[in-house]
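Structures for review follow.
Next, two complexes with chain A in common: one pairs it with chain B, the other with chain C.
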Partner chain A sequence: MLTFLLRRLAASLVVLLVASYVVYVITCFSGDPLQDLRQSTSPNKAGLIAQRTALMHLDVSPFLRYFIWFGGLLKGFTGHFTLGVTSGGQAVTGQLTAAVGSTFQLVTGATLIAIVIGVALGVVTALRQYTAFDYGTTMMAFVFFSLPSFWLAVLLKEYLAIDFNNFLGHPVVPPVVIAIVALVAGVVAWSITERGRSRWWFVGGTMVVIAAFLTFISLTHWLDNPGLTIGGVAVLGVATAFGVSYLTAGKENKRSLYAALTTALVGVVLYYPLEWTVFSSMSMPLFLFLGVVAIAVGALVGWLWGGPDRRVSMRTGGVVAFLTAGYIAVDRFMQDWNTYVNSTYVNGRPIATIGSQTPNFDGDFWFTYIDRITHLALPTISLALISLAGYSRYARASMLDVMNQDYIRTARSKGLTERAVVMRHAFRNALIPVVTIVTLDFGALISGAIVTENVFSFQGMGDLFIAGVTAVDPNTIMGVFLVTGIWAIAFNVIADVLYSALDPRIRVTS
Partner chain B sequence: MSDHDSRGSHESNPLDVVPMGGGIGGGMAHMEAAGAHEGVENAIELKEVEGLSQGRIILRRFLHHRGAMISLIILVALLLLAYSSIGFKVFGLQIPGWWKYQYTDITNNSNNLHPTLSLWPPRFGAHPFGQDEIGHDVFAETMRGVQQSFMIIVVIGVVSTAIGVVVGAVAGYFGGLIDALLMRLTDMFIIVPLIILAAVIGHYAAGAGPFVLAVLLGVLVWTSLARLVRGEVLTLRSREFVEAAKVAGASHRRIIFKHILPNAAGVIIVSMTLTMAAAILLEAALGYLGLGVQLPDISLGSLISTYESSFGTRPWLFWYTGTFILVIALTVNFIGDGLRDAFDPRQRRKLSRRAKQEASSSRPAALIETMNKAGQ
Partner chain C sequence: MRKIMGRLVPAVAVASVAAVALAGCGSKSTGLVESSTVTFSYNGPVTSLWEGTANQYSTYNANVAALTNTGFNYYGLKNGTPSLVKNTNFGSYSEVSKSPLTLKLHVNKGVTWSDGAQVDAADILLSWASGLSKYNNPKGPVNFNAVGAYAGTGLDLLNTPKVDPDGLGMTVSFKKPYVDWEVSVGSTVNGLSPGLPAHIAYELAFPSFKGSATQADAAVQKAILTGDQATMAKLGKVWANSWNVSSMPSDKRLLVSDGPYVVSGFQKNQSISFKRRDDFTGEPKKPAIQNLTLRFITDATSQVQALQNGEVQMIQGQPSTDTVAAVNKLNNVHVDTFAGSSYEHVDLNMKVGNGTFDPATYGGGAAGAKKALMVRQAFLKALPRQEIIDKLIKPLQPDAKIDDSSLFLPGTPAYTKDVATNGTKAYDKTDVAGAKALLKKAGVSNPTVRFTYPNDNPRRVSEYQLIQASEQQAGFNIKPVAMTTAKYFPFLEGGGYDASIFAWQFTSLAYTGNQAAYTSTGGENFNHYSNPQSDKLWGQIASSTGTADQTNALMAKVDKNLVTDAATMPLFQFPEMSAWSTKLSGVSDNPIASGMNTLWDPWDWTVAK
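Moving on to the complex of A and B:
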């Protein structure tokens, strides 16, 4: 396995090196880097041209100039790593670091959303093959798949953002809209359930819950000053405990349910202590650390409860703990929402359409990340919508394939519940090919985000790259290329590893 | 084509899929995994197609695919509209169209630049899609955009298919060092993010016109097809009829082009269609970034880029072009889907519930073998 990976990495690096030479030379010949200076009317024109020529080594032939750039890479061994300077004279490394950070946030968020929703949709459509819901979702997937990403992005920016900001100014849902939304939810609920008496309970319940929630929001102007409070966290935590425990362990496994409920309770008990202590001095590493701690605590609770299979209880506990911790964090963000919306930075229009953060924004952890999230919202949605269309198709195909296997019939015939068959036997196996595809796709998405970033003037890799292309600046382009190339190689290798780790039938040999 | 139906049914498990993000043309290819009840379905299907040739059966399956047929009709209607309305040039000869303006014409302001198209009462009006502030008729511009974008995707489809087929077939057939070298070359094109290469090359080809741009883009997007063809050739290479041809003394070229490639026609045609569907999005994205077709010529992508700034005041400049891109991409995707269902013997029409229940599912051991191969 290790030899296989090393060989693959080595081959990929050689390919990357050759490709970098090609890209460098092509870039150099793609235009005139001095064009803007040649047309300038500055009295110091000749001086400026000479200055840039020296800066970018324009007097060296591109075929050799590459090695100046490559030399900068090699200096990494002596601690003087450099990717050269842009035509503006700034170091590429500095610009690249900032850009990679924001693009990474964007791509990760979009992929996570796309995986969760896409796989869920794919599995449900596969289980309900040839229903109205299946056809509807398939049609939508094709439409989103055929949408030009920038067009979708511009529409989101011009319609969704503006309308949603208007709505937030006066957050009341008209009764007609409530009725329509509830009806649509009811139709969806109807089409994904099977015939029987419980179907009507499910449909009715969905409609009532949705209508009640929207009415509550309207009557209390909840969105003006949102918050879950400890009561909301408790209700959500208990509901999550029941849901997760049912899906991962089944109704019969009481120990798992108790572990889940205990975990949710621990979360509720910690609500105020967390608020008073660590939340006031929050930072990103601490935030992530708390998330990990939550999972560990949940797993510990699961371990203590034990049950027929200790690992199942631990898993349930971990998932519930993570989600409950998430609710507490969301609640904390919500507490600052009103102040953020009414601050002078946003003036009541929180969903931003331009940039990756408000310039000169100043605030603590919570404010800063509210600001980040409102800027990330639209580009994330537009990237996620297109990705999830593809994922839902892959997940559906894979799930259908698995559901027709012999071992599924065997599992059914030995009397397992449908939940156990679907969740334990089918779903896990269906995920194997999906994981591979998603990993590869994640490796490629970083360059796919270029167009979307451009629409939202998001200061990421795309921004940098377009600037590089228009200025005919090989150093900038090579910086972007290196990051995307290494990223793609890394995720290709990760896909291979995951693939053979998940599917015991696959054994890579070197 | 005689060997087609008997082809192993395990070749396109969903793991063969080239992920869509990695490049153009991966698309929805092979997304639909087949149900594994070949035996019974074969029996049902065989009765329907008794006495028909392979080509007829495929055509029949395609004609029965409702989504694909509707898409085909819409696409043909759209192209007829685009080419008949403003006319087109053949060998320097201008064929006139029935529409009164050309995309280069400057017209007088009428109806406040607003579109005059209305569905009820049905009315076309002087400027159905409105005008821009210079006075260009947006309908004529959009028609020109459709013509150019369609020309570009056809050229990309043809060029990338030609390269992909040759590279894939040679790599798969000869194997060894040639295979390794060609696949590393393919890797190289895959590692370099497509949009980067396309943008650099688009920038380079900007002055040379849309046709050159299309050819250059075609040179970039053949990789997924090459991989698919290689896989197909690898399985076909060891089949008896190829052995027979070898024994009979056929040359390599004859074996590749006469014996192997016709049997891979399904994969090639489907992949070409899906590449074209992805190509229109690529062209549009490049046009939007200002790196595609340049003025004075027009494509759908460059139109959107030109008019984006006036979105706030006159959104229809944006709506119509975007809708045309969506319609072309959607119809081509559906046609590709229909073609795949027609070519892939495992892709069946919906069968009755009873037939499905009766269908026995037996997964051949060969699947495991293929999966092992895919993992290497």
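Moving on to the complex of A and C:
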């Protein structure tokens, strides 16, 4: 395994090196770096051209100029590593750091959301193959997939930002809209259930719950001052406990259910103490740490409930704890919502159309992240909608493939419940090819989403690349190339390792 | 199992009750510090805190200088057209002698940098010295890398200045008369108004220096006046590099400003914020607005939507018919479309192999020259100038008019005078019949014109199509030579075409701004235009010591020659658009502001609650 990895890395490095030379030379010949100066009317034109020629070493042939840049890399051995300067005279490394940061901010959330929802949709559509839901989802996925991203962004800004902000000024949903939304939800509910009497109960229930929720929002102006309160956290926590326990352990596993319920209850009990203690001095590391603590507590509860398969209970407890902690956090964010919306920073219009944060925003952890979330909402939705289609297709195909295998028939014939067949036997194996695709996608993630970055004013890797191309600035291009190249190689290797780890049939030999 | 549940339930119940009981004690303080700001957006990011270096001189970075630098004069608006206005709150200047040209400058006492140091002669000297050609050698020991290092002209030909005893002013004399001295006096980039703070530059150049700002200024002054190479080399390095940062610097000395505002926040590629300086007395008027934020939004539609969503209160960018339509639909938004300072024109190449407009093609000599002139005139007659305005510009700027002068900015009094005599008016109407007649008279039938234009610029493609249709009617055989903008300018310099379209830009009202494009040996004279009389006139203009009217009259003569020789024809000024929330008042567009067109007078802005 190790020799395989080393060989793989060495080969990649050679490819990277050769490619870097080719990219450098191609970049140099791709245009005229003095173009903007040539149309200058400045009496100092010759001087300006001389300055840029000296800065960018334009008097050296590109074939040799590469080695000036490469020399900067080699200086890393003496501690003077440099990727050179941009045509604007600034260090490429500084530009790269900033660009990588904003690209990650932009695409990480979107990719995670797209994976979770995409895989879930894929699995459900596979289980309900050739139903209205399957066709409907497939159609919508392809519609979003084929929408031009700049256009989707403009639409989102128009409806989810500008119109939604208008709506928030007076957050009352008209009865007609409530009826339509409930109806649509009913159709979706109808399409994912199977024939039978329980289907109509499910459809009716969904419609009533949706309608009741929207009416509640309208009557109480909930969106003005949203919040779950301890009651909401309790209701959601218990519901989650039942749901998660059913999916991971099955109806018959009572210990798992009790572990889940206890965990949810612990969450509810901690609701106020958390508020008074750690929440007032929250920071991102602490926030993440608390998430880990929650999982540990849930697992501990599962362990304490014991039984023959402790591990199942622990898993259920961990998942429920994580989600319940999430509800408490969401509730805490909601408590500051009203103050945020009415602050001078946003003046009643919280959903932003550009940038990653309000300039000069001065608030604590909760306010800062409300501000981040309102800014990231639109770009995240737009990127997620576009990449959702791919994941749902892969997951669906892979799930269908697995469901038609012999061992699934065997599992069914030995009398396993459908839940056990799907969750334990089919779903896990269906994930193997999806994991490879997801890993490779993460590898491509850093190269940025050029159009989306531009429309939402996130100057990330895509934007830096474009800037480099326009300025015919090989140093900038090479910086982007190096980072994306190394990142892609790393994730290719990770994909190989993961694949062999997940699928015991595959053995890597050198 | 039941046993466990039995023990657990009471415990949980007790804990819950305790929790609810404790809930009453909690009091939450809000974690939000409010502040209000006026936000405006421009179509590109600020990439450097200092615009004066060759590689950071851009309209984007000019926005910083507009708020953080003040000079002896600035471009204001007089009856809606730009003109130079003295800023007497900052200091005074006067011309004490015409021969040799001698000026006296003096900064008012109490006009300070934002760190409290007085603005003084050392700051002016640094601004001037940084632009001297001897200090701008990319391969030499001293390199300020300044954008305004104009070798052999203007401030390069200054005798060593004499600093006043109080250290706040100086007397400067020129080796050669310089017509645009007043523009240079007001320039904060390599001019005679302060740009970067000399004392900070010195402190950065000599980190071990521990003296006061006055001592640092004295050291800079001495180095410049005595030409101390070693010190200048260090100052040059700092001047060229230290301010070249694209996010909030850790060294707050880089933010020191001598303008009405000081940078208070700088988020890379996102925004830059400014806070009003309440201790400053050098601006024409105290601004009413305390905080300003400039956001960088490159996409035009995004700018309009951000304005609509209230994230910004003012936008400016290159308009397209879509953005103009979108912004016109918005409520409570004031839209201002206006003619900018760039002007599009057609150049006819007068020296190129097989050139339709080249006298050599017709045998040269007086006869050939006359024939070529008639062909050129015919071509210009058939230019659909009004049609281009009507079809391409008016949708963006309803009050657009034909630009009739290659040398003056429309709207200025000098333009009106020039247009009355330069003869361009004769070409305002498209005259296909006249063009045909001229061609016939010249004895040239169906001449081929290699017309070059950048094909990645939609407006220029449309211009080409309109021109092509009209010229074809007049009997010209138009052969397109299309290429991308990237290849276009090297091509214009190289030749291989008969006619071209592109734009020049006025960035100041300097007389000599267009000299290089219209003199025989000028660096921007791509179409090889040559008129000995004009060359002589340019010489007179550059060293003119007469009144503005007299110099303008010389310019008008040059422009008349341009038209008589049928070398070039202006088409239109680029349409520009600004839009701002009606909550803002006192905002106006100045076509030749170096950054955002509205940013020239932030002290006139007020915001309604």
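Here is the rule we use: the second predicted complex is superposed on the first by the 499 of 510 C-alpha atoms of A that agree within 3 Å, B and C clash if a C-alpha of one lies under 4 Å from a C-alpha of the other, contacts with A are read in each partner's own complex, and residues count from 1 in each chain.
FYI, a contact is a pair of C-beta atoms (placed from the backbone, for glycine too) under 8 Å apart; a residue touches a chain by one contact, two chains touch by 3 or more.
Owing to the predicted nature of the structure, the values given are computational and were not obtained by experimental measurement.
Enquirer: Looking at A:Ser283, would you say it contacts chain B, chain C, both, or neither? Reply first, second, both or neither.
Expert: A:Ser283: touches no partner chain.
Enquirer: Just chain B (first), just chain C (second), both, or neither: which does A:Gly31 touch?
Expert: Once the two structures are laid over each other on A, A:Gly31 reaches both partners.
Enquirer: Contacts for A:Val154 in the overlay, against chain B (first) and chain C (second): which applies, first, second, both or neither?
Expert: A:Val154: touches chain B and chain C.
Enquirer: A:Ala98 in the overlay: touching chain B, chain C, both, or neither? Say first, second, both or neither.
Expert: Second partner only, chain C.
Enquirer: Would you sort A:Asn454 into first (chain B), second (chain C), both or neither based on which partner it touches?
Expert: Both partners, chain B and chain C.
Enquirer: Applying the touch criterion given at the start, work out whether A:Thr220 contacts chain B, chain C, both or neither, answering first, second, both or neither.
Expert: After superposing on A, A:Thr220 lies clear of both chain B and chain C.
Enquirer: Considering only touches as defined above, state whether A:Gln51 meets chain B (first), chain C (second), both or neither.
Expert: Once the two structures are laid over each other on A, A:Gln51 reaches chain C alone.
Enquirer: Could you look at A:Asp362 and tell me whether it touches chain B, chain C, both or neither (first, second, both, neither)?
Expert: After superposing on A, A:Asp362 lies in contact with chain C but is clear of chain B.
Enquirer: Please write out, lowest number first, the residues of chain A touched by both chain B and chain C across the two complexes.
Expert: On chain A, the residues that contact chain B in one structure and chain C in the other are 31, 154, 158, 454, 472.
Enquirer: Sort out for me which residues of chain A touch chain B in the complex.
Expert: 11-12, 14-16, 18-19, 22-23, 26-27, 29-31, 130, 142-143, 145-151, 154-155, 158, 387, 390, 393-394, 396-398, 400-401, 404-406, 409, 433, 436-437, 440-448, 450-451, 454, 465-466, 469-470, 472, 477, 480-481, 484-485, 488-489, 496, 499-500, 503, 505-509
Enquirer: Using the touch definition up top, name the residues of chain C that touch chain A in the complex.
Expert: Those in contact with chain A are residues 1, 4-5, 8, 12, 15-16, 19-20, 22-23, 25-26, 28, 30-37, 39, 45, 47-48, 53-56, 133, 136, 138-139, 143, 145, 147-151, 153-154, 240-241, 244-247, 264-265, 267-271, 273, 291, 293, 295-299, 301-302, 305-306, 308-311, 485-487, 489-490, 492-493, 502, 504-505, 512-517, 523-524.
Enquirer: Please output the residues of chain B touching chain A within their complex, sorted ascending.
Expert: Contact set of chain B toward chain A: 13-15, 17, 19-23, 27-28, 31-37, 184, 187-188, 190-197, 199-201, 203-204, 277, 281, 284-285, 288-289, 291, 301, 304, 308, 311-312, 315, 318, 322, 325-326, 329-330, 333-334, 337, 350, 361-363, 368, 371-372, 374-376.
Enquirer: What residues of chain A sit close enough to touch chain C in their complex?
Expert: Within the complex, chain A touches chain C at residues 31-32, 35, 38-48, 50-55, 87-90, 94-95, 98, 102, 154, 157-158, 161-162, 165, 230, 254-255, 258, 262, 265, 268-273, 275-276, 280, 305, 335-336, 339-340, 343-347, 349, 351-357, 359-360, 362-367, 454-457, 459, 463, 472.
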